[in-house]
Structure formats: C-alpha cells, structure tokens
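Labels A, B, C, D, E and F are assigned to the chains in the order they are written; within every chain, residues are numbered from 1.
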Amino acid sequence: MIYVSRQEHFNAAHKLFNPKWSAEKNTEVFGPCANENWHGHNFDLIVTVKGDPDPETGFVVDFKKLSLLIKETVLEPLDHKNLNLDVPFMKGKMASAEILVQEIWQLLKDRLPEITTVGQLYSIKLYETPRNFVEYFGPDPLNK
Amino acid sequence: MIYVSRQEHFNAAHKLFNPKWSAEKNTEVFGPCANENWHGHNFDLIVTVKGDPDPETGFVVDFKKLSLLIKETVLEPLDHKNLNLDVPFMKGKMASAEILVQEIWQLLKDRLPEITTVGQLYSIKLYETPRNFVEYFGPDPLNK
Amino acid sequence: MIYVSRQEHFNAAHKLFNPKWSAEKNTEVFGPCANENWHGHNFDLIVTVKGDPDPETGFVVDFKKLSLLIKETVLEPLDHKNLNLDVPFMKGKMASAEILVQEIWQLLKDRLPEITTVGQLYSIKLYETPRNFVEYFGPDPLNK
Amino acid sequence: MIYVSRQEHFNAAHKLFNPKWSAEKNTEVFGPCANENWHGHNFDLIVTVKGDPDPETGFVVDFKKLSLLIKETVLEPLDHKNLNLDVPFMKGKMASAEILVQEIWQLLKDRLPEITTVGQLYSIKLYETPRNFVEYFGPDPLNK
Amino acid sequence: MIYVSRQEHFNAAHKLFNPKWSAEKNTEVFGPCANENWHGHNFDLIVTVKGDPDPETGFVVDFKKLSLLIKETVLEPLDHKNLNLDVPFMKGKMASAEILVQEIWQLLKDRLPEITTVGQLYSIKLYETPRNFVEYFGPDPLNK
Amino acid sequence: MIYVSRQEHFNAAHKLFNPKWSAEKNTEVFGPCANENWHGHNFDLIVTVKGDPDPETGFVVDFKKLSLLIKETVLEPLDHKNLNLDVPFMKGKMASAEILVQEIWQLLKDRLPEITTVGQLYSIKLYETPRNFVEYFGPDPLNK
C-alpha cells in the first residue's frame, strides 16, 4: 500500500459566526474571526490517496489527473470565493476548517474512481494558515 | 551598515475593483480577484531597517521592539479585516499589494524613531501569497 | 473525527550528556552535541487534538485557545531557557528530543480539558531542526 | 513509542515510460514525464524509525548515524544519477515515486539494526516535488 | 517604484560538461554533476518587475498575466526537458544556473511590454536547489 | 554580473548581555535573551558571491567548493558551540546577529580567492530564526 499526496491551494474569504447568537456573543466566542466584513486566508490542501500501484504505470494515481480533479471539484467552487456567501454546500454551516475539510472529502470521494481504479481516498489535510491546520480521514477511516 | 529584518503576518479579505468601471469591466480586468463577495489571503510582511549597530547593545533595532511596533502599527488596523471596508487609510484606493505596501511604509516610517536611534526604514516586502509578492524601498530610497 | 493542529516555536540551549559517563565517553557517543558549553535550537512544536466538532462553534478546539495554552504550559518553561539547567521537569533526564516530547505531552494532557470538551490530545511533534524531528502519540495512543 | 524522523535530499533524472508500449502510448499516458531525453527532480526523503528510547542515551536512533546510513545506503546509488539507467535495483521497473519508495524501504530495512537496537523502520516519505509526494509503511506495517 | 515578483517552477534534467575536455577532466571539475546519464532538479524561478503602479488598476503588472507570460516563454521550452539536448537556446552553452538565468532574462525582456506599460524587467532569480541559487539583474542593471 | 548564493546552517547557544551592566539592566534591555544559562538557535546562513561566469565552467563559483569553504571557515568554529564562550573571534563582543554577521564576512572575505578567480564576496545573510534575520554587504559594498 502506497499513500500518494498532492498539494493545491486556494484563496477565500470567510467569517466565523453562529446566526443563533447575538453579535456580542459571536465576538466573545470567535474574536476577530467574527469580523462582520470578513477576513481571508491562503488555504493549502493536501489530498492523499491510498492503494497498490498499477503495474502498467507504476501509479496509484496520476499526479496530473489528481491535480486536475482537485481543481475542477474543489478549487472551482472555493477559490477566490466567500465561503459563507458564495459556496452552495457551505450554506447554513459554520465556515470553520473542521467543517470545510469534511465537505471537501465529500466532493472528492465520489469523483476519485474517475481517475484511478486502484486508489481510494485516504485523507484531506487543510491548512488555514501555516500554523493552523486540520486533517480528516473520512466517516469510515481506512486504517485509523 | 547592517540590514535587519523582521517577518510578521496577517489575514485579511479584499477585492480588486475600480469603482469608475462597470461590474463587467472589473471582471474582465481583475478576473476572480473582483469577486463581489470578496476573497482573502494570509499576508506575510517583512520590514527591513538599515543602520550601524549601537555599540552598547549590538543592535540596529531590537527584534522584539520591531515586532511589537509592527503589531501595533500595521497588524492592528489590518489583521482579520476587510482591506476595502474596514481600513481607513485604504478608503478610495485600490486594494492591490502595490498600493498596500506603500501605506504600510507610511505607517512605520514615522514611528520607527521611537524604537531605534541608529536605524532607518529601508524596505517593506509584502507577500500576498507565497508566489506573489511586492517590495517597496520608499519614495526616496536609501541606496537604490 | 477531525485532527486539529497548532504549530508554535521556542528557542532553547541544551547538551546531550550522560552524567554516569566520562567526558570522553560522552563526546564519543554524542559528538558535538556534548559540547560542554551547550549549543541550541529553534524548536518547532505541533500539537494535534482529535475530536468531533462542537456543532455550536464548528470547532474541535479554538486555535487561539490552543495557542495560548501551549504558550502558558509549554513555552513559558522552555522558551529562551537551558533545557538541562533551567527546566524543573527535565532535571536528571537526557535532554534529547525523544525525552522532551514525552514531557510536553504530560504538560498539555491535563490542561487540555480546560479549553475543549470534545477534543483529546492526539500527538506532539517536535522539530529540533527542520531535518530532525520526533513525534509522540502518548502512552496509550488513541488510534495507533 | 517515539517516532524519529530524518530528512535528506538527492537530485536525479528519470522518465516515465513502459517499454511494452509505443512512444505514442507512452506520451499519451505519461505526458511530458515521458520526455525521451529525461527530466529531473530534487527529491526530499523522510525516514521514520519507531521505538522506545534507550535509557542510556535518550535516543531511539542517533540522528547523525541515521543521516549517515541514509547517505551510504540510499543517496550513494541515487544522488546525481539517472533512475532508469544508472541504478541497478530500478532496472526493469517503472521509475515512479510509488515504485522508488518501496525500493528505498528495502535498502534501509536490513541495515537499520546496525545503528539502533531499539528502533524499527516505520515509514519512508518521498517528495518528488514539494506538491507531489508518496509514503510507504512497508509490506507489513507496524501499526497501520 | 514598486518591485513586483512572481514565482514559478519547472523540472529539468541536465549535466555539466565542457565538450573541449576529456571525460576525466569533466569529472574532476564537475564531480557528480558531470554524470554521463544526466541528473535533474526542481528549479524555482522568481521574476521581478519594477515600476510605478498604474492608477487605474493599482498594478505594476497583473500577477496572472506575469504568470502566464512566464509559462509561455520560459516554462514551455524548459519544463520536463533536458537542458543540454532539448532546449535550442542552450545548445553549445554550459548548462549551469549562471548561464541559464541569463537566457531566461532574454526570453522575458522582449515580451514583457506585451503585459505592462509601466513595468520593466528588474531581475531573475533561479533556484537550482533550495540551497543553491543565482540572481541576474540584466546586462545593464536598472539600479545596481 | 551574476549573484551566486549558497545556504548553510549551524546550531549554537548564546546570550545577549553587556558586561558593563548589572544583571537587572541586562534583563531590562535584553529580556529573555539575557537568560543567564543561555538559549540557542538554528542559524541559517546565505553567502552571496558576485562575478562574471568563467567561460570554461559556466561558474562564478562552484557551489560545492563554496559549501566546503563555508563549512571549514564558518561552521567549524560556530556549529554546536556557545557563541559567547567557545568562539575566539567573538570574545569581548556582543553575540547579536548584527555583530556575528560582520565576523562571518571577515572569515570568508580572505579565503574566497582560493576557490574563485572571477567572484567577489557580495553579502552575508544570517537568519537567527525564520522571522529574525540580518544582512551585511561589507565595509565597502560592491554596488550598494
């Protein structure tokens, strides 16, 4: 089993706020992340696929195909967007890295078989900043 | 002469648009950077001070004092903010890295003598992303 | 389950030596790391917390609270210190990254419930240099 | 159990092509990676060893010995070489990162006991570029 | 005056050898860099353009246009190629970073006016590895 | 003219204190950097040499020779040492980055002609941490 990873990046605006709470409580809980007029990040994304290499190509998944799939599936709806306002699948959800990383998993999970017959989605790692990041291994982790 | 540099970072939302133009022309010129609902970045900032070290301390400028001055002067108005809406000195200006770096120079130029008697502001380098960055040496560069 | 990580850093001096051995044997085993007058490093520290996000905040743990806890609990006793001389919990122990990372685990383990009700300490990763690093998953790893 | 890692790097040329296929099919499948006259990379390699620290040294494995072993065992046959033409153990194999990482595992697995009595080889991570990388935990992973 | 920089990367094979010398002398002078069957690198390239921002856009040069121009002009002939065999403008020249950076300058110098009316090419920085790099300010440096 | 740079690193302990001052004044001025029992850093060092490439080799200076010269001349006296106690040329001087970078210039200036006939020492850049660094262009800068 080989774990193959591809890193991509996107830039987006967001804010953290819970619509059930007052502005005061949002500021108390989320601090500057609740800034009404948004703030933003350069997000870095690492997608890892697990599998046995295809003997004909030596690949678990072609890095270029994986890059293109991430661009079409994840970067197209997220890059240069407002996570709270512009992204249909984030509507009504907290725009935290923890929630976003689970949505990115869903976007890729179903499309991955289009580009590999031997690899399965293993994890999504999402850097909100170089010092703040999250990782998700799916609802039913392969070997966690 | 020694050139002393300190790196800090901040997160902000912005968009690129010229209010004299139509939405169509803004999108044509700025592409996804004109997204109406903003996008954002993790900005990295490098401030360089030039001078002969003080013989008593061996310092051109104390790194900790320089860090604090940048935090008070630059990060306080910019971090977790919307560059177009929340930042008084950016009002009516293009929120490009080229314009922002000149404003950051002004913020620091006058305050620097508070923390060093031997150093002068030499340059401001601003990374919008790790691959896109600008540098400014002031209106009257010291040795450019 | 989401794995949430925060990176912090500290600077410290140390040396590697076993007090039961002669100076010659220490030099033979530890080489320049046994230099009598110490040497030092910029340590980078990554703390990972595992849990299901709180539905009210979207957080497993607030990055700012995690950063503050690491600063209070880990950086306060270690930053700008001598690991062999100044750090009570390292007295009588080898000042290797392998030993230090286990002590950092202990410091954080008990304090983590103060800042999250849904997250558990998962791992501590400690970079002595960008090319030399260790990771510890606790005495009773959650899913190792 | 502590996981101890050392990073090294090497530069090599290679191309991706399957000798059973026509030039056209190789170009169709591998794109520019099939360029007849080769291309190359700065490979970064992270070797991770798992074990309980030796109480006399505080080490699972001495970073300097691990660095030297990687240089002798892995970098000597690969650095400044052509992976397809110059490397005996890659003859007749696809020169993909997925295949190479498994060969590097074999090179280190048998030699590791020479430098540690408490550590076992845990994983090999190989960066072909900063954005494309693979990881291998062996044919019989220790805790995967 | 603002200095605007864009970073791109490419992968290539090369070797260092002087055809006027014997194989022995080439190996003596260039060591493993003279390996007959080539080796390779992930090259990183930073292109810097100098100018006063256009008041309508706030740009010295549009980062996206600069990225595209570098891709068309520099990456197309160099990426996934053999610098000695596949690149017409390197024929008969030493494939060192010092020579290549001058050729990249020539490629960009004439094409830059297509994408900016206010910026001039200022420098080309070329990383052969993260630790080995060169910079060129042109035959007639703007302010060196 | 091409500017050729090589990066090396070393680990050292130091403290900042002025022997003419009381312990209290040292702590007031230097804060935790005055910790009596030292602290330390992973220093990164970038040495830049300027010149016209030799037509026979394409080199201003051979990267490997430059690396070896830095190791012999700079790293040998500084790596795994205490800058205040173990380094003869730092005796009686403040162990700040500003002072150290000037000493490193002197160490390399006289030895550089041993490895290049076409290059001159241009600058020394010294990172005390990734966020705190200094640069020195010599007492008589070549083109500053």
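Throughout what follows, a residue touches a chain if its C-beta (ideal position, glycine included) is under 8 Å from a C-beta of that chain, and two chains touch if they have at least 3 such contacts.
Just so we're clear, the structure is a prediction, and the values are computed from it rather than from any experiment.
Chains making contact with chain C as well as with chain F: none in this assembly. In this assembly, the chain whose C-alpha centre lies farthest from chain D is B.
A rotation of 120 degrees, rounded to the nearest 5, superposes the Cα atoms of chain A on chain D.
Both chain D and chain E derive from one sequence, and where they touch, over half of the residue numbers involved are common to the two copies. Of the chain pairs listed in D-E, A-D or C-F, the one whose interface repeats that of A-C (more than half of its contact pairs identical by residue number) is A-D.
Between the Cα centres of chain D and chain F there is a gap of 34 Å. Inter-chain spacing, taken between the CA centroids of chain C and chain D, is 28 Å. Among the residues of chain D, those touching two or more other chains are numbered 130. Applying the touch criterion to all chain pairs gives A-B, A-C, A-D, B-E, B-F, C-D, C-F, D-E, E-F.
Of all residues in chain A, those touching chain C in their complex are 16, 18, 29-31, 93-99, 101-102, 128, 130-137, 141, 144. Residues of chain A that touch chain D in their complex: 1-8, 53, 56-60, 63-64, 67, 143. Chain contact summary for the complex, chain A toward chain B: residues 9, 11-14, 32-33, 35, 37-42, 79-82, 85-86, 129-130.
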